[in-house]
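Think of it as A, B, C and D in the order they're written, each chain with its own count starting at 1.
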Amino acid sequence: MWFSSDNAGPAHPKVMAALAAANEGYAGSYGADTQMQAVRGLIREVFEAPEAEVFLVATGTAANVLGLATLCPPWATIYAHTHAHIEEDECAAPEFYTGGAKLTLLPGADAKIDLDALRDALDGTPDGFVHHVQHGALSLTNVTERGAVYTAGEIAERAALARAHGIPVHLDGARFANALVATNASPAEMTWRAGVDVLSLGGTKNGLMAAEAVVLFDPARAWEFELRRKRGAHLFSKHRFLSAQMLAYLQDGLWLDLARAANQSATALAEGLADLPGARMLHPVEANMIFADLPRRTHDALHAAGAHYYFWTKDPPPDALPDATFAARFVTNWATEPEDVDAFLSAARAA
Amino acid sequence: MWFSSDNAGPAHPKVMAALAAANEGYAGSYGADTQMQAVRGLIREVFEAPEAEVFLVATGTAANVLGLATLCPPWATIYAHTHAHIEEDECAAPEFYTGGAKLTLLPGADAKIDLDALRDALDGTPDGFVHHVQHGALSLTNVTERGAVYTAGEIAERAALARAHGIPVHLDGARFANALVATNASPAEMTWRAGVDVLSLGGTKNGLMAAEAVVLFDPARAWEFELRRKRGAHLFSKHRFLSAQMLAYLQDGLWLDLARAANQSATALAEGLADLPGARMLHPVEANMIFADLPRRTHDALHAAGAHYYFWTKDPPPDALPDATFAARFVTNWATEPEDVDAFLSAARAA
Amino acid sequence: MWFSSDNAGPAHPKVMAALAAANEGYAGSYGADTQMQAVRGLIREVFEAPEAEVFLVATGTAANVLGLATLCPPWATIYAHTHAHIEEDECAAPEFYTGGAKLTLLPGADAKIDLDALRDALDGTPDGFVHHVQHGALSLTNVTERGAVYTAGEIAERAALARAHGIPVHLDGARFANALVATNASPAEMTWRAGVDVLSLGGTKNGLMAAEAVVLFDPARAWEFELRRKRGAHLFSKHRFLSAQMLAYLQDGLWLDLARAANQSATALAEGLADLPGARMLHPVEANMIFADLPRRTHDALHAAGAHYYFWTKDPPPDALPDATFAARFVTNWATEPEDVDAFLSAARAA
Amino acid sequence: MWFSSDNAGPAHPKVMAALAAANEGYAGSYGADTQMQAVRGLIREVFEAPEAEVFLVATGTAANVLGLATLCPPWATIYAHTHAHIEEDECAAPEFYTGGAKLTLLPGADAKIDLDALRDALDGTPDGFVHHVQHGALSLTNVTERGAVYTAGEIAERAALARAHGIPVHLDGARFANALVATNASPAEMTWRAGVDVLSLGGTKNGLMAAEAVVLFDPARAWEFELRRKRGAHLFSKHRFLSAQMLAYLQDGLWLDLARAANQSATALAEGLADLPGARMLHPVEANMIFADLPRRTHDALHAAGAHYYFWTKDPPPDALPDATFAARFVTNWATEPEDVDAFLSAARAA
């Protein structure tokens, strides 16, 4: 019963098989492997973007910050949600990689950037005034950090504001596949057709061992990106092992199948949780993350049964009453089994 | 016949098996996996360093620059060989990670830092003069970038100069195992007993998929290192897959066995090359790298036979005469087979 | 009638005389001038801080960011008011100089950091969690950017929270003299006795040409500061001209006399403004800055009379009604004459 | 008898008078003063460069590093002489401001970059290879750090190599006026006509208090430069005091008159030194700097007579023999009087 994070789960067997196959014999280093050519071709096809450039890295933070540094100069600011991963979970890696750009934090329900707040922020700050940071980039996250999903139309509305102010758009897609299957949008609709310039296409949380793609829909700055990746120490020598993961992921729609499985597990888990006495859902459950208040007694029963998950945002104090509620986050992944959900809910109901 | 680099070769089957085993079920993220505890314990044991702190990353450049940034402030300089990897092959990643420290380049045969040149550089620059960069750190590389090996005593001589000037010592050990088996030094003798503070312990070039350890013999700055790793986007979420590789590597001396095999292949290859008409060895062959001048006709024959390797430092022009010689680098790895060496030499001899 | 900023005014005649006197003959460079010794001694005396180290720079931003970079590592955050100068008016210089630290923005009336908001921010963020930035430093501004003044006790309350979380305190004192005369606090009471570690002691806005002091009450990091100043290109070769300004400023209490004059002019101006029909004061006037809403007709009359000041935060649109009010900022300085105030108020009353 | 540096001397009386005049009344801040318009116009006229953009800062290092950061990205290298000021005297400020670019150091007599060495360096490093830093910029220094002067033709030869490799050219002109009067080249001939893109136009060493201009002959990156200056904390609020200095400097050829005086003093001093027994000139004396070996007894006599200058590169040990020679640097400035030279030579001859 592991619901602590989608990165606590295993890699998919097809990915492991692809790694084993890629391990045969010798290969060109640093991206000169034949699988990388296939990855590039497949992403261009899947995204209907024949000009796009594609690069692989091993962590989601690397994908985000290399993409942002390529979009935003050091004297500008990145508009992002207060709860964006780039703000709360990357230990100032965006500031490091951009050379000291700012993040301007915006509110919005369920960690989606409020459209009016974005408009006000862009309109309210004069560009071209040397004392201020300049407008830099907009960074959206889909699935959001609170489990909500932007539709392609919602992405497009926000991107349009950014473009009207002359700044590019980054999409943190650590859970991009989960957002696609939740909305039935095509990859193109959710990205470049909606105005996205650079996508962090997550794989690690959805069945890979450690591989993320950065997709530059405008290839003009691809060489700069390559230099930034190298200089950030993120260029793999035995690159074929990144390529093999990403190739297996995208082939035959595996990425969407895995995301669909994770989302379905979350739906099942959320329905069960919502029915528990004293439970309250804190955000809509649109992908594979659930945020809920549960009574302390329920938490105790779950922990006694061996469940893994995080309190959000504070742990119950020792003297908390049994009926006092505490928020927690539950994340499913491709490998979550119906039995895991059932066992979890049984333990919770027994409280 | 791949002799382009030790990173063109495959991962060892035991490593692949360890990855498959590590993929069972769920595990704590970001280093909270049980394998990482075992890695830490094993490195402390192998290095006879019970206080050492150990962190894993996926690239050798990451290991080097995170270690150096932890040792050297932005207003200081790192003493390194002119041909050090950190100077020639990391696209200014050390400058990026240190926040703009300098590298002071030193000469020396076979890419080993000349002892007198180091002494002169340290003595010749006043520390405490605000206009200059300050003394920062000494970075040594073993095996060197020209295939030579420092003995533990040679490391100690250079480290002693650094310590006399109050600066710490970093060892780039991308091919550390190859240096150990070449000298019969123990891990402790080659590192902390010789005055090394931080070791980049390579694995990728010697049978891993992508895993390097950074060993801090003085644990005082371990937390700073962790923050720098996170902020550099080098902290893996599914960290168990780094741990599993490193554990397999160190268990039962696999790392030394693999390095021994690579070194032996290089010796065999070098002996054959040295006997070729018109060949000239450019550096002593002490580990798994060979630098040699060969006539153009020999290069032509080798390429016709399908050999992979790099010219060093320039390609033959189209009109080069058959007897004109051109330098090349040949690197063996754990997977190099006697037949690979034989086939290569046969092709060369046929020229 | 210049009320646009205190930096629009001239340098004081005593300062000009001191510069002329300092221009006689030769002097040691880079701070080795005799006046600098006198500056250091005088600041130690005035602040009752015999151990303090003192450095001069030419801009307030340089003073702030060099001080902050010395206090706060790149992986930490600086707690500051949403309207702090370091956030709104320095084009991400703090991020540049710290190597990419964050600013965590806090609310509070009149640009004073709300005590509860500071407590919540410090308590709410776990220190020692590698994914977040760490607690870095607290930066206060006195006089605030909205013209209010912290008492020494209010500084101490906020500094105590910072110290309880183990972080140091920076005070942006671009208008420090104005704050002192407004509160009758001694320099020591307003700084180190209240828990301040590093002070940016402004001079430029209060009668100097271009000179600011950075006072490190704890001298432990003085050498690091010197290196950061040099490396930031802020070490003056003909340093005696900075020293001479600061010496004239501090001798015989000139700095306090000038600040007192500026504050009195502001009081007079504020009283007159408050009586105007349709006027509304937006913040308490405690030093030399006034923020007020005035009807458009009043603004028109003032501009017609040649008054200089900034709208705050937006310009009246062309079609604004005469009675519609628009905010503006008015800043007095040491050279403001009673006639300037009278002329201004007469023009405003005539509207 | 001060020959320690041209920055030990005073500001010229016309400069002091200009500052006093500029101190009348109020002025726009941050470069919006009327004098700055005049400075811009005058520099465009003097340099025959009607499109050039001009910015003022207070230190030569600021001028250099802001210019270089605008020309060279973080993943590239700046070609410079081993003894360039940007390498030896700026405490890694170029690395800081560029975000971690490298300096590639080149040899050459008298601190002039050897033409062949530059060609080899540019030809020898492959551009477009991701592991290396890329070609970034060429930085020349005129007058060089050893007192020699490039002719306009020599600048042009080196700039042509840079341009052939697609990189821009920076000229550190801390002593630019001295180089002009030494060669009789026009400002245009020595800069943009020779291929220079950005000039650091020194004033501080030649009669100003603290003011340097940065001239961007290509205005395309002027806005970026302004943002970098602000963010580097080098934008002066009371900017009129920088403008007034630079205006006085350029008006009526004052800058050239002052440089001519300094150069003539150096010639007179050098002639006298060359005739001393045991003396040896170390570099040609082409501007206002002299490097010479003198016997210890001569040094002793000079110091006894109160002369100020620096040993270059090491101090005589206590037991040095009277005839043993030690190198020293002697720098004249606009204020050097014939009597200073005579008194110095008399003291030396008396040894």
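In this text, a contact is a pair of C-beta atoms (placed from the backbone, for glycine too) under 8 Å apart; a residue touches a chain by one contact, two chains touch by 3 or more.
Quick caveat, the model's predicted, so the values are computed rather than measured.
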Partner chains shared by chain C and chain D (touch criterion as defined above):
A, B
Measuring between Cα centroids, which chain is at the maximum distance from chain C?
B
Going by the touch criterion at the top, tell me which pair is linked by more C-beta contacts: A-D or A-C.
A-C
Intercentroid distance (Cα basis), chain B paired with chain A, Å
34
Could you please state the distance in Å, as a whole number, between where the Cα atoms of chain A are centred and where those of chain C are centred?
42
Separation of chain A from chain D, taking each centre as the mean of its C-alpha atoms, in whole Å:
51
Would you mind listing the residues of chain B that make contact with two or more other chains?
74-75, 90-92, 96, 99-100, 130-131, 227, 230-231, 235
Residue ranges of chain D touching chain B (in the complex, touch as defined):
74-75, 77, 88-92, 95-96, 98-103, 105, 124, 130-133, 313
Chain D - residues contacting chain A, complex
30, 73-75, 99-100, 130-131, 134, 224, 226-228, 230-231, 235
Sort out for me which residues of chain D touch chain C in the complex.
2, 4-5, 7-11, 16, 19-20, 23-29, 57-62, 64-66, 90-93, 96-97, 204-205, 209-210, 227, 230-238, 241, 308
